[in-house]
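These notes open a run of structures that come right after.
First chain A sits with chain B, and in the next complex the same chain sits with chain C.
On to the complex of A and B.
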C-alpha cells in the first residue's frame, strides 16, 4: 500500500506538470521546452518572496500559478508568436518554436543559478507545515493528499472542458486544422494566449506542490521533469487528456516498481524501455488520435 | 613567504638546492622540450593556469567553492611574490556539470600553448573524462574531490584530496558507538565516488563491525522523489540509515525519511555540505558524514587558512575551497622547484615536491602517496542549522 501511495503521489506530480505541456502541444501545436524553467522559476519566485515575508499555503500556491501564467504568456507573445509569424511554413515554425523554447529556458535557469549558486532552495519559510498521518501501516502527508486531489480535480476539469465546452471544442478544432478553425470563426490568438496562460499556471502549481512535498529543488529540477513529461505525453498520446494521465501514472508505476523490486540501478532503463516497446506497437501512443491525411 | 607553508617551504628550499644540482647535471646532456610554454631556466613574468570546474549545474556548489580556494591561494602567492617576480594568472572555465564539456575545455587548455597547468574538476564523472586527455597531451593537472578510480592515471595527474573511501572509514567509530546491528543504504548511481561508498566501502565497514546490510538501493541522477527507495529501506527495519546523495537530493531525502517515520541518525557524505541541507530545516538534524576539512578543525594551518578565507569572502570556507587552496600552493611550489613554466618540467617538479610533507588548509604534516593527498579527516554532524565536529581523524 505504501508503494501504491508512492505511485499515485509521484504520478500526480508528473500529471500536473505534463497537463499543461500536453494541452499546448495537442491544441495550438506549441511544444514548449521552456515549461521546465517556468515550473522552476515559479517556485524560485515564491522562495524569494518568502525570504521577506511569511505566507500560508494558498498565497504561495497563487504566487506560483500567477508567475507561471505570466511567464508563459510572455514566452508566447515575445517569442513564439513572433517565430510563427515569420516562419515560411508550419513545419519550420514548429521546429523553430522547439529550438526557441530551449533557448528561452536558459534565461530563468541562469537567473536562478546565479542567485542560489546552484544550492537547493525550498519553501520552508512558509507558515504551511507538512504533517504526516499514520493509517495502519500507511503513512501519508497532507501535501501528498493535496497533490493527489488537485491533480484529479484539475485533470477531470480540463478533460470535461475540452470535451464539453464550446471553447474546448474550438481549441480542439485548432489542434486538428488551424486554417479551417479560423474559417469557422475561432479566434486562434486569443485561445492560444489563454491556453499558454493555463499551461504556465499548471506548471507553477506543480512546482509549488512538488517543492512542498520534496522540501527542496534546484535550478535544474525542471529540466529533469521535462524529460519525464515528454515521455508521459508520448506514451499516452499527444493531446489526449486520458493519455497524459495514463502516461503519468504508468511511468510512475514503472519507476516505483523497479526501485522497490530491484536495487534501483535500472529505473531509467526499464521505465523508458517499456515506453519504447509500447510505442513500437502503437506509435501514436495508447490514446493517440488517428492521423488523417488527404492525398 | 606563504604564511601557512613556512615549514613545507623550508623543506622545499632544501629540495630546491638539490634540483639546482640536478639541473646542472642535466644541462650537460642538452635541454629538454615539451608542449606548452617554452622550456627555460627561469619562470616567465606571467604563468597561465586554468580551473576547469562546474560553476553551473548540479555540482556547481562544489566547483564554485573550489574556485574561491584557487583564487585565494593565487592572490596570496602573487601578493607575497612567492614566485619571485612571476605571477600566476587563473582563468575559470565552466564545465556546466557535464563530462563532455569538461573534456572540451581540457582539450582547449591542452592545445593552448600558453597554459602551464590545469586545476581539474571536482566531479568524478568529469575528471574521468579529462584525465586521458591530460596524460596524452602531457598537461599537469591537479584535481580535488574527484574521488573515483580513473582520475589519477599517470605522471601528469594528481589529486589534492584523499579518496573518499580512505577517510570515510573515519565513520567506523561513530558506527560502532551507535550500537547499530543493521543498516539500510541509499546511494546515487550517478556519482562513481558515492556508488563506490554505497556498494563497497560502507558494506565493508559494516561487515567488519558485524552490522548487517538489510537493504541497499541505488538511485538515478534524475531521481527527485526518494519516498519509494526510503520505503523499501525502512521495510527492512534498519537500526541506522545511510543517504549517499548529492545536492538537493540530500534535503529531500532527509525530509522524506523523517516523514516516513525514521528519526534516527543518518550517515551521509560531504555532498550534503555547502548549505545543501538548509531547506530541510530540522529534518536534516542527525546527518553525520566524514570529510577532509571543516573550518573548526584544530590544526593551526587550517585555522590560518580559515581566517584568510573569512577575511576575503566573509564566510566560512568549505572543504572544496580548502582542497583547492592546498592544490594551488602545491602547484606554486612545483613551479618554484621547476623554475620553468614548461609542462614537463612542472610534472617532474611535482614529483620532487611531493616527497616532502607540508602543513596546509587540510591539516598538518600532509603527505602525498601515489599522487593522492593523505589527510587526517574529520567527522561532522549537522544539527541546529549548522555543521559541528564530532571528532577529528578516526577518533581513536
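On to the complex of A and C.
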C-alpha cells in the first residue's frame, strides 16, 4: 500500500512535468529540450527569493509558475520562432529546435550551478511545513496530497479544454496540419505563445511541488526529469492526454518496483528501457494517434 | 618543447572528437537522425579497456576488433529501429546510449562500476592515430563526391524519389548505421588508448550534446564542418579559461546562437560567402549568372521549387475540408 502511494505521488510529479512537454510536442511540434532547465530555474528563483523573505505556500507556487511561464515565452520568442522562420522544411526545423533547446538549457543550468556550487538547494525558508499524517498503516504527507490532487485537476482541465473548447480544437488542428489550420483562420502565433506559457507554468508548478516534497534538488535534476518525461510521452503516444497520464503512472510504477526489487542503480535504466521497448513494439505509443499520411 | 608536444592532449582530443562527430554526421547526411554512434563510442571505450587489460592485446588489433564490434552492435540496433524516423529515431538511439552508460555502471568486474577502468597502456602512437584519421577522412570525403555523393543526397532529401529511381534506401540507411557504429567505436577505442582510463561519467548524455553541437556549429553537410566543430569545441574551453567559471554559460550561448542564426554552421557560412564573392566577380556574364543561380539553389536546398510545391500541396489538401464545409 505504501508503495502504491509512492507510485501515485511520483507519477503525479512526472505527469505535471510531462504534460507541458507533451502539449507543445503534440500540437505546435516543439520538442522543448529546455523544459528541464525551466523546471529547475523556477525552483531556483523561489530559493533566491526565500533567502530574503518568508512567504506562504501559495505565493511561492505562483512565483514558480510565473517564472516558468515567462522563461518559456522568452525561449519561444527569442529562439524557436526565429528557428522556424528560417528553416526550410519541417524536418530541419524540428532538429534545429532540438539543438537550440539543448543550447538554451545550458544557460540557466550554468547560472544555477555557479550560484549554488552544485550543492542541492531547497525551499526551506517558506512558512509552509510538511506534515505527515498517519492513516492506518499509511504515512502520507500534505504535500503529496496537494501534488496528487493538483495533478489530477490540471490534467483533467487540460484534457477537457483540448477536447471541448474552440482554442483546443484550433490547437489540435495545428497539430494535424499547420497550413490547413492557418487557411481555416487559426491564429498560429498567438496559440503557440499561449501553449508555451502554459507548458512553462506547468514546469514551474511541478518544480515547486517536487522540491517541497523532496526537500531539495540540484541544478542537474531538470535533466534527469527530462529523460523521464520523454519516456512518459513516448510510452503513451505523442500528443495524447490519456497517453501522458498512462505513461507517467506506468513509469512511476516500474521505477518503484525496480527500486524495491534491486539495489537502486538500475532505476535509471527503467525509463530508457521503456522508451526503447515501446518504440520497438509500438512506435506511436499505447494511445498514439495514427500518423497522418500526406501524399 | 614544440607547440605540437605541448598541445598533444588537445590534438588527441580533437581527433577523437572529430571521429565521434563524424559518427553522427554520416548518418545525418543520409537523413538518419541517429545518436547510436555515441553508444558505440561507449562500447569502444570499454571494449578497448577490456581487450587490453584482460586479454593483453596490442593497440592495432584492439582498435580493429572494437571497430568491428561497434559496427555490428549498431547495425543490429539499426535493424531493430529501422522503421522509425525523425525525432522518434533520435530518441530511441538516445535511449540506447543511456542504457549503455547504465550497463557500464552496473557491469561489475568487467566495467569496473562507478570507478571505471584505468591503466590502459599500450604501444599506441600518434602515427597510428594520424593514419586512422587520414584513412577515415578520405573515405568520408569520397562518399560526398560523385555518384555516391549524389545518391546519398537523394536518400536524404527525398527517400521516396530515390527509391523510385532504383536506389535501395533501406540498404543505405543500414550502411549509415554500420558506418556510424564503426566510427564511434573507433573513436572510443582511440580515446581509451590515449587517455588510459574511462568512467561511466565519460560516456553520459553530455557526450551526445557535445557531438551534436560540434556538427551543428561546424556544419552538418560536409566532413569539413565536422572538422571545424571538433576543433572549435575541443579548444574553446582552453581559450575560455580567461572567462573562468562562466565558460559553461558562454558555451550554451554559442550553441543557442549557432542553432538560431547559422542553421548550416560555420562551413555553411563559408560556402555562402564564397558564392557571394563569385557572383559579384562574374556579374557581367549572364550565362555564368544563370549557372550561379542554379548552384545557389542547390546549396540552399532548392528553396524556390520547394515553396511552390508546398503551396500546391497545401492548396490541394485544403480542397477537401473546404469542399466538405460548403
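By definition in this document, the second predicted complex is superposed on the first by the 283 of 295 C-alpha atoms of A that agree within 3 Å, B and C clash if a C-alpha of one lies under 4 Å from a C-alpha of the other, contacts with A are read in each partner's own complex, and residues count from 1 in each chain.
Following the convention adopted for this analysis, a contact is a pair of C-beta atoms (placed from the backbone, for glycine too) under 8 Å apart; a residue touches a chain by one contact, two chains touch by 3 or more.
Bear in mind that the values here come from a model prediction, so they are computed numbers and not experimental data.
*Asks:* Quick check on the chain A-based superposition: chain B and chain C, clash or fit?
*Replies:* Because the two structures are overlaid on the shared chain, the partners are seen to clash.
*Asks:* A:142 contacts which: chain B (first), chain C (second), both, neither?
*Replies:* neither
*Asks:* May I ask you to decide whether A:260 touches chain B, chain C, both, or neither, giving the answer as first, second, both or neither?
*Replies:* Once the two structures are laid over each other on A, A:260 reaches chain B alone.
*Asks:* Identify the partner contact of A:132: answer first if only chain B is touched, second if only chain C is, both if each is, neither if none is.
*Replies:* First partner only, chain B.
*Asks:* Does chain B (first) or chain C (second) touch A:167, or do both, or does neither?
*Replies:* Touch status of A:167: no partner.
*Asks:* Could you tell me if A:268 is touching chain B, chain C, both of them or neither one (first, second, both, neither)?
*Replies:* both
*Asks:* Of the two partner chains, chain B (first) and chain C (second), which one does A:217 touch, if any: first, second, both, or neither?
*Replies:* Only chain B is touched by A:217; chain C is not.
*Asks:* Between chain B and chain C, whom does A:227 touch in the aligned arrangement: first, second, both, or neither?
*Replies:* both
*Asks:* One more residue to check, A:115. First (chain B), second (chain C), both or neither?
*Replies:* Once the two structures are laid over each other on A, A:115 reaches no partner at all.
*Asks:* Which parts of chain A are touched by chain B and by chain C alike?
*Replies:* 110, 113, 227, 265, 268
*Asks:* In their shared complex, at which residues does chain A touch chain B?
*Replies:* Counting only chain A, the residues touching chain B are 2-3, 6, 9-10, 13, 110, 113, 117-122, 124, 130, 132, 134, 139, 141, 210, 213-218, 220-221, 224-225, 227-228, 255-256, 259-260, 263-265, 267-268.
*Asks:* What residues of chain C sit close enough to touch chain A in their complex?
*Replies:* 33, 80-81, 83-84, 86-88, 90-92, 94-96, 98-99, 102-103, 105-106, 205, 209, 212-213, 216, 245-246, 248-249, 251-261, 263, 300-301, 303, 306, 310, 313-314, 317-318, 321-322
*Asks:* Name, in rising order, each residue of chain B that touches chain A in their complex.
*Replies:* It is residues 56-61, 64, 189, 216-220, 222-225, 227-229, 231-232, 247-248, 250-252, 254-256, 259-261, 274-276, 278-281, 283 of chain B that touch chain A.
*Asks:* Residue numbers of chain A touching chain C in their complex, please.
*Replies:* For this pair, the touching residues of chain A are 31, 78-79, 82-83, 86-89, 91-92, 94-96, 98-100, 102-107, 109-111, 113-114, 177, 179-180, 183-184, 223, 227, 230, 234, 265-266, 268-269, 272-273, 275-276, 279-280, 283, 294.
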